Every structure is written in structure tokens, then in C-alpha cells.
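Working notes, beginning with the structure itself.
Which chain is which? They are A, B, C and D, in the order written, and residues in each are numbered from 1.
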């Protein structure tokens, strides 16, 4: 298991290649990547704040929970904080499993929990001002499918 | 949309980086990669046969169907044929979408259809002989969720 | 008409392709014609439930008519991905 | 006890952290104590439905007891991913 919270960029392809290469007997690798979208008014910066100490614990706990729920090989989570710009990669998760159903389910589970239960907050700074991104009801609702 | 059937290797990370970089306004990128598993007796070669002409058509049709079902940016499918060895990458799909739910659903849909509806056949060659991989009932059943 | 065989169907028949003139109206009639040819065809087509068929490179079934068709392919259930 | 603030909670209060001695038995009592301090705290804690809380770096609720707790954090619903 590999959980990283960092302000520097990461290389999605290089991370995924390394992740895939260190698997043994895993037939399926799934990845998800979140990318900063350029919102309508023109995004200047997306500031991502987090809770040092708790963030790593929360991501580790969510990853461990995924490993108890599905037959997985490994889990990788990388999440950036700090000042990001349009088209920057915000985060990635990768999962490996003997079978694709487990790799997909675990990746979706990780994303659903990470969206609403990991202590990150996004602020969008545009020419016209700055706004904290509001949590979406649909993200909260998405968690209910894992009960 | 980008569909490739090839006997040469592909670089998962480089392909995914290129795919992610050419998206605009897509907040979510999902990838799936299938890897040759070393089966119990010791796999010598996995031979993948396909139906030239029909394969490309089938993959293109499945990709187009995904684009009509979900709000997607783009779809990439690469599938190898020929002689593969343990730990070789068999294929990959990548999807992009404004929202993660669509990117995940489309990737799973592509995989379910590709497993049972794209004209590929796998043969495992081991020290003790060779066997065509049998289609799994669960793969056929997986398709029913998209009806 | 070109008739193509893949995977173990190809192996049982011993060749990847036949080119033939047929009066068969449907895929099922074509199968009957092929089975009557030689034991290796009979062996390949013994269990139709174990076979899939494509007509002009589209998945089809055994009742598909063959009028105007240029290519028929027989193969086991697919195992891509 | 360390009390941490994140995102707009931090901005409204104007600082990321308070260190205080409190007799509050629960998170809810701590909130009442903080609200009584100054208008900026009152503004930050005006709507508890808009807030989430972590106690010793684990998500908790407003009825969580504070006995033995070293760190409490207040913040809006999270928006990771």
C-alpha cells in the first residue's frame, strides 16, 4: 500500500507503470485521475488545503478498508495540495486485483470515500474572486452504495 | 476515439499520459489494463488470436456505444494479439469525462463488452500442453447489467 | 463465399478458411452442408451451442439468412480483455 | 487542547489554530464556549449543519466527549478527489 500527500506534481504514467510492474499474479489494474477543470469564468488557481496528519491517516484507513472488502493486490493513492492550475493532475488512485470486478469496485470505493471523507478542501480563484468549492449532495449520496 | 489492434507492445504509462494531456475540460480519467497472469503450472506463452477486420469494427462499435450512453470526452482502446508472456500487458482502455461516475461506468462497460463480444481468443501454452481459455459464464452475465 | 474459422474451430478443421459456392439459405443450412463434407467438419460443428457465428463481420445467429453475404465466420465464445 | 480550523472556517475566524484550556465535556459544549468569545467565532459556528468535526484526527460528531482529547478540528464538508 502506498499513500502520498504532496505539493509537487506527479507523473501519472510513470506511477502507473511502476505500480503495474510490481504486481504479481494480478490480471487487472485500474486507475483514476482527477484533473483541474477550467471553469467558465477562467480559473486562475485552484488552492487545495488539507489537514496534515489526519489526511494520511484517512487515506490509509480508506485503502485498508478497500483491501478488506475486495480481493486486491495493491492500492496506490497520490493526492496533491497547494496551488494548482487548469489541466494539472489533482490526484490518482490505482488498484490491482486478480479479477477486473474487484479492481474497478475498489477504485470507485476509494474515490467515493476520498471525495467526502478525506480532509481536503478546494478553493477556486478566478478573475472575479475566490470561492470554496461546495460539497455535492451526489458525492455524499454515492457513499450509501457501500453500506 | 482511438482504437488499435496490434502485435507489438504498448507503453501503458506513456499512452495514458498522452490520453490525459489531450483532454479539455475533462475532470476524470479512468484506465483499465489487463495483464497476463502466470497460471499454476507455469505459463510458457499466451497466444491471442483475433479476427482481422471484424476486431477493429467491433471495438469501434463498442466505443461509439459507450459515447452515446455516457457524457464522455474520449475513449482509447489498445488490444494486443500474438504471443504474450507472463506479466505482459494484454490490453488497455481509457475513458475521460467531466465527472468520475461516467468515466468509471464507460470503462466497465467497454471491458464487459470487450471480454465477450470482441473477436479475440486466448490459448495458454504450458509445459504440459496447450488449452484454449474457456469463456466464463460470469463474463456473459456481466453484460446483462447494461441492458 | 468465404467461410472463416478461428481458435479451436480452425484447429479441428485444420485450416483457417474455405471458399465455396453454396445454395444454403441460412447459416444453419451452411453448417449442415459443411458437416456432411468430412469427419473433421463434423467434429468441429458437433455442438452448435459451443459455437458463435459472424456474418459479414457482425455477430449473428444460426438463423441469419445468407443472401448477398460474402463472409461467414465460426468460432468459440470470445475471450478478449 | 489544540483547536484547528480549515477552509472558510479558518478564514472567518482569521487564524488556523487556538490552544485553550476548556471544561467542555463534548464538542457541542466547546462550540458554545467558542461562539461566546467573539463575533468572528459566532460567524464561523452560526450553522452547525455546514460544519464537520474531527476529534484527535478522526471524523466525529458534535456529541463526541472531549475527555482525554488533545486535538479538535472544525471544517466544512470535505471536497477531495
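Basically, a contact is a pair of C-beta atoms (placed from the backbone, for glycine too) under 8 Å apart; a residue touches a chain by one contact, two chains touch by 3 or more.
Because the structure is a prediction, the values reported are computed rather than measured.
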Item to check | Steps needed, at minimum, to go from chain A to chain C via contacts | outcome: 2
Checklist outcome for this item: Between chain A and chain D, the Cα-mean centres are separated in Å by 26
Next on the checklist: Measuring centre to centre with CA averages, how many angstrom lie between chain B and chain D?
Outcome noted: 48
Checklist entry - What are the residue numbers in chain B that touch two or more other chains? => result 34, 100, 111
Checklist entry - Which residues does chain C have that touch at least 2 chains other than itself? => result 81
Checklist entry - Among the chains present, which pairs are found to touch? => result A-B, A-D, B-C
Checklist outcome for this item: Touching chain D in the complex, chain A uses residues 34, 49, 51, 53-54, 57-58, 79, 90-91, 111, 114-123, 132-135, 140
Checklist entry - Once bound in the complex, which stretches of chain B touch chain A? => result 11-17, 20-21, 23-38, 87, 89, 98, 100-101, 103-104, 107-108, 111, 142
Next on the checklist: So in the complex, the part of chain C that touches chain B is made up of which residues?
Outcome noted: 4, 6-8, 54, 57-59, 73, 75-81
